[in-house]
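The same chain A turns up in both complexes below, where it pairs with chain B and then with chain C.
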Partner chain A sequence: MNLFFLNALVWHILLGIAAIVTYAGLPLLLKGKEINVGLLKIYSLLGFLGFLGSWIAGGYYYVSYYGKAVKSPILEGANPWAHKILMESKEHVFLFLPFLAFVVLILVNFFSKELISSEKLKNNLIMLCLLIVTLGIIITLSGIAISGSVTNKP
Partner chain B sequence: MDWLTFIRIAHVIGTVLGVGATTFAEIFYLKFLKDGEIDPFENDILKVFYRIIRLGLVILVFSGFGYLVMWRLNFLGPQVFFSDRFLVKITIILILLAAAFAMNFRLINLRVGSTITLVSWYMAMILGIWRKTPFSYPVIFSAYVILTITTYFVLRFLENKVRTKHQ
Partner chain C sequence: MQDSKRENIMSSEGQVANRKLKLAESIILSSIVVAIFIPTITIAAELTAPLKEWLKNTFYHHWVGKSLISVIVFVGLCPFTFVVPYKTGLERINRLLFILVTLVLLGTLAIFGFFSYETFLK
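Now for the complex of A and B:
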């Protein structure tokens, strides 16, 4: 793997984890006694940018490198399910995470007054953030299993 | 300094902060209970510990992924990624995260949550140090569950003792 693809893989992981951590913080901020709208906006923006960056880096790595150099060793190895099931699911779920994050970004930035006054909207936003975190964790665990199934140097 | 050393240092710092802050949060909680209640000042002190635990967890997660990247680049494969020790560690970290959320949203009793947090941090540390654990996933996980239940009753006992002393 050359330095460019190595960077793509590392940034895919780092930005993805940072985005999950940020979106895990959002429900805690929303649950607080007084909602700090400024902090909510920063968290939602950082989380969205994190997912977007992870999306671009991971997508480029997947299209340009994974298919040629990583997929075959996994399919020929002891755990072909890592690609057949996990990667095939991951690449689809992964596609809509930035869109879910974008919905949160829009709600926090354009409906902040309603968020303070409407308990229902706030609770739904918390549920959406928890859904993003859960999907993010599932994708992360899949990524760990896929990485763990690569044995031979391509 | 190479990347592996940097990651190792960060992982140790994360663990030290987490284990240390969780331990002292429990000690101070019991100490503050001596007068029968937690006043706002004492609550502020406990909040500092909880912030340090969160910081430790974030450092631990990021440095943990640093390790995973190094393992992937060195093609360590299923022997490491699917080892019983690593799988239990991942499970425990997930339980730790779930307990933190459940505590924040008052879905579980605070005493249960803090016991899970305390035992999980210690188990993560022990598994991190004990690299050649001879036990399988079910054995290690059962030990974790038994330890959590035992710790819960020990902490309840200490809490009741402190409260009785005050009355």
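Now for the complex of A and C:
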């Protein structure tokens, strides 16, 4: 793997994890005694940009390198299901995340006053953030299993 | 004079608030359509070889095709759902958020379920 693909691989992980961390932080901010709107806006923007960056970097790595150099060793190895189930699912489930992140970004920026007064909107936003975190964790764990399966030979 | 000025300010504030609600609702509605589209095209492309081939030939890779079409669907629907007249409100936004979360959960289960079935049971 050359340095360019290595960077794409590493940045898609780092940006994705950074985005997950920001969406894990948002419910904590929303549940706080006083809602810090400025911080909510920064977190939601960073999370959205993180997923966008991860989409581009991960997509480039997946399309240009994974299919040619990584997929075959996994399919010929001890755990072909790592590609057949985890990779196939992960790459498609990820597509939900940038859109969900954009919804969070819009809600936080448009309804910062209502988030303080409306408990229902706040709870729905927390639910959306927790969904993003859950999917992010599933995708991350799938990525770990996929990476681990490259070296496993029967 | 001052009363009419105040009324004007209040009505323009109301318009801005209504536009915000409408824009937020159009974005959530478009996301709901994308949340239905992603698992649908994923499973359809696996079951229909010509569709996967078309995605591959048109967009270089089937995943790039699915990504770009999702963005096009989202960007295309947002202005449409914003322009179409309907009553909006915070209550509707809450309901749509719940629908969005439910559909994404179901879509995720459908994608993982489909690939698990294809791998172990087929």
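Just so we're on the same page, the second predicted complex is superposed on the first by the 151 of 154 C-alpha atoms of A that agree within 3 Å, B and C clash if a C-alpha of one lies under 4 Å from a C-alpha of the other, contacts with A are read in each partner's own complex, and residues count from 1 in each chain.
Convention: a contact is a pair of C-beta atoms (placed from the backbone, for glycine too) under 8 Å apart; a residue touches a chain by one contact, two chains touch by 3 or more.
No experiment lies behind these values; they were computed from the predicted model shown.
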Superposition on chain A - do chain B and chain C clash or fit: fit
Which of chain B and chain C A:I13 touches, first, second, both or neither: first
Partner touching more residues of chain A, whether chain B or chain C: C
Contacts of A:L3 with chain B and chain C, given as first, second, both or neither: neither
Vertex chain A angle, Cα centres of chain C and chain B, expressed to the nearest 10 degrees: 140
Minimum Cα separation, chain C to chain B, after superposition on A (Å): 19
Contacting residues of chain A [partner chain C, same complex]: 55, 59, 62-63, 67, 80-81, 84-85, 88-89, 91-93, 95-96, 99-100, 102-103, 106-107, 110-111, 114, 118, 120-121, 124-125, 127-128, 131, 135, 138
Residue numbers on chain B that touch chain A, as the complex places them: 58, 61-62, 65, 68-69, 71-73, 75, 77-78, 80-82, 90, 94, 97, 101, 104-105
Chain B contact footprint on chain A (complex, rising order): 1, 6, 9-10, 13-14, 17, 21, 24, 27-28, 31, 77-79, 130, 137, 141, 144-145, 147-153
Of chain C, residues touching chain A in the complex: 20-21, 23-24, 27-28, 31, 34-35, 38-39, 42, 60-61, 63-64, 66-67, 70, 74, 90, 93-94, 97-98, 100-101, 104-105, 107-108, 111-112, 115-116, 118-120
